[in-house]
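Just so it is clear, A, B and C label the chains in written order, and each chain counts residues from 1 on its own.
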Amino acid sequence: MIGHLRTWPIVLALTIVSAPLVLMYVFLFVDTISNAPAGSFIPNEFTLEHWSFLWETRPGRPSIWRVTLNSFLFATSTAALVLVISSMAGYVLSRLNVPGRTYFLAGVMVLHAFPAITLIVAIFLVLQVVGLYNTLIGVILVKAAIDMPLGIWLMKGFYDTVPWEIEMAGIQDGASRFTVWRKLVLPQVKPGIFALGLFAFLLGWGEFILPQVLAPSGNAQVLSVYLAGLIADDNNFDMNMFKSVGLFYMMPVLILFFVFQNRLMNIYGGGSKG
Amino acid sequence: MNASRDIAESARTPIGVRAAQSRLHLGWLSSSKGLGILFLLPAVVLVVLFFLMPVALTGVFAFTNMTTATGITGGAYQVSPGTLRVLTDRYGMGELAERLGQPTYVVDEQGLAALEEKGIDKNIIDSLRDGLLGKTYASRRELERDIRGLPDRPNTRTVKSISEEFSRSLANARFSSRESLIAAAEAIDPDLTDEEKEALAASTYTGWTWTTENFRRLASSPTTRQVLFNTLFFVAMTLVIFNTGYAMVLAIATHYIPDRPAGIFRIIWFLPRISPVVIYVLLWKWLAWDTGFLSAFLSNFGVRPRNWMLDTATNAWFFVIVINGFVGASMGMVIFASAIKAIPESLFHAASVDGAYRWQQIRHIILPQLKWPILFVTCYQTLSLLTSIDQTLLATNGGPGGATEVWSLWIYHTALNNYAGNLQYGMGAAMALVLVVIGIVLSLIYLRLFNYNALVAKPRIEL
Amino acid sequence: MRILLEHFSKSFGAVKVIEDMTLEIKDGEMLALLGPSGCGKSTTLFAICGIHRVTSGRILFGDRDVTNVPSQERNVGVVFQSYALYPHMTVADNIAFPLRIRKMPEAEVKRQVEEIAGLVHIEGLLGRRPAELSGGQQQRVALARALVRRPNVLLLDEPLANLDAKLRLEMRSEIRRIQLETGITAILVTHDQVEAMSMCDRIAIMNAGEIIQIATPQEMYRNPRTAFVAGFLGNPPIAFIEAEARDGSLAVKNADIRLPVPKNATVPPDGTPVIIGIRPESLGTEGDATIRGRVSFIETQGRENLYDITLENGSVLRSIQRVRDDIALDDVVEWKVRSDDIFLFAENGERL
């Protein structure tokens, strides 16, 4: 707080501009467990009917549990891939004496800013040719590759904060570079790895356009594509049901975000796409 | 002291002895180079597969007429009434087309061999060879009449199965290679010129071919100009109003209020970013749809309910910009807020006397500090807005009537998803190539904005 | 183990940090590498332990050429200025780390860890983490970790710089005790001359990547090879005044002061500009030459007082004497200097 300036006008103004967002998210919750009379938004009855999608599979659509499992597999696999690859590559960029290291570092920075989505036409065609179109594996690889530059960049930043002396001491103690990384350095960046993993998981969980284009149907469908499909289907317009599926889909995100908000905000601020 | 004597003794043991005691297991894993290359390998593989190769392929595909119909891997040679018409119209070889299109029957050794295979009576084959070898018929009826006229007259079913083997028509035939197509054509007309062969192959080929047509179409199409304008309008408005402007307002405003409410507002403004995009846009739809919140609320004031998001182009633009802007604002907010936090408290104290000073503080203390962060956010967000697709796709899908079609969405509609079902990959790649080039240029500029040399300090362990 | 650097040079890219250094550390000796910040002390240390490759020259441990031996196989114990303890491990695990890397049986590891913990007096701390230790305790743990695998040589890079004054005094004698008890060859890097003089058998004094002089502390103090060495050793430091050789004696510039040429120096030819170095303890009540000046500053040090004397040409000399009541600020005094205790240097700093 700075000085003795009055703060309530600012709070008021912020409240007003934030109102639409608050309204939307409050009704995301309210509408899933209630019905309101037409033309009104004040709910007048409590019901769980909108959640019936959990136990009744809709005709022509995969089971919600199958789709949820796919989303989970997709998000955890991309997060795991991103973690493994960037914790290795980030270490090289931060610490190891490798020929061409500076070029790779510049390359990672360019890729970090480069909008990979522009490559989707080519990737789409490649996946079709190699037979990975409409498979989870294909879209996992693509998503991991796209998130990887940011991951490498963040991991490099975490490694940069580990004192050189710790590594030097490890080497003097007789450990190989690999052991030094594994036993001495990796434990120091654990919080960073955790935050990056969480972040990559959330990115994967929310991803829409890649699965929509590369794995839109069949056994590979994920929650975002499933929900978008429901909404786009003009024959079955049921806003409350959409919201229930949406809330179901968003639950993990909300929980993770509120528990780990401080760590996440830093990473989001550090430059994700969007 | 026991311990020290022990150590003192060991310090005098010759090195060879001790080295043997404590043999270290080191290999290439202990060298920076070996480990580094191993550790970089997975990243390099992914970069090559999903960045370098697609960039190159985008360039390649952009110069093809690849579509769903042509397939991706290459095609076959299909003779059809359509291709024969092409032969007539485009190459002026109507006569050839007619000849090839005609059902033709030729009595040749190949056909006789096939009959033998079929198990037709040897006598019949012999008399066919003696009587009809080398003859050509324009219709099956004529051929069958001659067959019936042979000495050992076969029954009607046999005649049918014999004449079948002499059919040499190209109509509706499919060939997997150029050679087999030409061979078949030469069976009908042995005197084909090279020019005729070329024309035949070109007109019957179903796969993709090289072309610069995509770029010519892009350059001349009025849609291009419209979409280009839409894209620039979208990027500029969103960037200026929300990603920098509004983000700055949020950062400064939350700076001036106590920590608790500031934290709450930051969380609220983070919701759009952390929410899966499908849900986030769904909420806007709920707000704007004809049975949605806005309509219901405004009907109290006698306003006719309508789909506010799609009823006019202006409204559509409003929602597209707001929906995208609310997502982008949080990134700027966090970056600007941390830049403001880095300003020494004393600077503020010196200046904070009364309310009027708040503007002075913002102008003279805060804004100068935000110069670099603003540049950073602008550069970064220009790129991501230029290629952003999710929100707009889900919200308006480019509507109403293409009013909010931006470049990346246009690519999507051309190459990845359209109602006609024939996806124009080549054209889409050409459109994407434009963005790829812009992306590369802007991200190189972005690289220059960083103090790059400070980031590449040499490793301090030279192993 | 004897350590020998032969014609050792090190450059970082185009920057030459060390050029052609030859240095021998005798078996069981503790040698100080003393020099101002940035002179290349740490660089020398890193070359010995193998963290840096040498640009040219050789490094020998005993008779073995280790120039191209990887760091891990040189068996050098290092104590870093920041201690570099592994923060996620307990003290016991920290000390055991080098042993476990060598795949020593766990029972033996435990025995050796306890033994070394006894040597450095940290038996009670083995279960703690580095963050739960004081600076001095961390220092002991770092020493224990460096010593536990019986290194060929112990390197200490400014080990006391992060300690407060009292602990520094304590650890000074502790480190020396441990070094003497284990008999290990040790190199101490420091820019504190008191540390170097009080802890080490010999001092190698460095400046700008070169070793200027190697000698025992006593010898170096009594017989500095250059003005730089003389200026670096001694607290309060030596004072220098400019002079000129004239008629077999030394005439201080712009002042009516004449000093005889000390016996240990060669008499320079007339007109040679020289630099005279006078230590504070050489200026006082006894001596064969007289210096006249004004008392410009008095610093009380308890048992003794430090007086600044400003000569008429503006140069300042220092004198350290028993506390005396007869001197006040701004008094003009004529004090004696023993001519054999002054040092004579050429203009380039070389001792004459």
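By our rule, a residue touches a chain if its C-beta (ideal position, glycine included) is under 8 Å from a C-beta of that chain, and two chains touch if they have at least 3 such contacts.
On a predicted model such as this, the values are computed, not experimentally measured, just so you know.
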Chain contact topology (line, ring, star, complete or other): complete
Geometric centre: closest chain by C-alpha means: A
Pair joined by more contacting C-beta pairs (A-B or B-C): A-B
Approximate Å spacing (C-alpha centroids) for the pair chain A, chain C: 56
Inter-centroid spacing, chain B versus chain A (mean Cα positions, whole Å): 21
Chain centre separation (chain B, chain C; CA means) in Å: 67
For chain A, residues that touch 2 or more chains besides their own: 168, 171, 174, 176, 179
For chain C, residues contacting two or more additional chains: 50-51, 71-73, 75, 101-102, 149
Numbers and ranges of chain B residues touching at least 2 other chains: 22, 24-26, 30-31, 458, 460-463
Of chain C, residues touching chain B in the complex: 1, 12, 28, 50-53, 61-62, 64, 70-73, 75, 101-104, 115-116, 118-119, 147, 149-150, 152, 178, 181-185
Residues of chain B that touch chain C when the two form their complex: 1-4, 6-8, 10-12, 14-15, 18-19, 22-26, 30-31, 458, 460-463
Chain C contact footprint on chain A (complex, rising order): 163, 165-166, 168-176, 179, 183-184, 187-188
Chain A contact footprint on chain C (complex, rising order): 46, 49-51, 71-73, 75-78, 80-88, 97-98, 101-102, 145-146, 149
Residue numbers on chain A that touch chain B, as the complex places them: 1-7, 10-11, 13-14, 18, 20-25, 27-28, 31, 38-41, 84-86, 88-89, 91-92, 95-99, 101-102, 104-107, 109-126, 128-129, 141-142, 144-146, 148, 152, 164, 167-168, 171, 174, 176-179, 181, 202, 205-206, 208-209, 213, 223-224, 227-228, 231, 239, 242-243, 246-247, 249-250, 253, 257, 261, 264-266, 268-269, 271-274
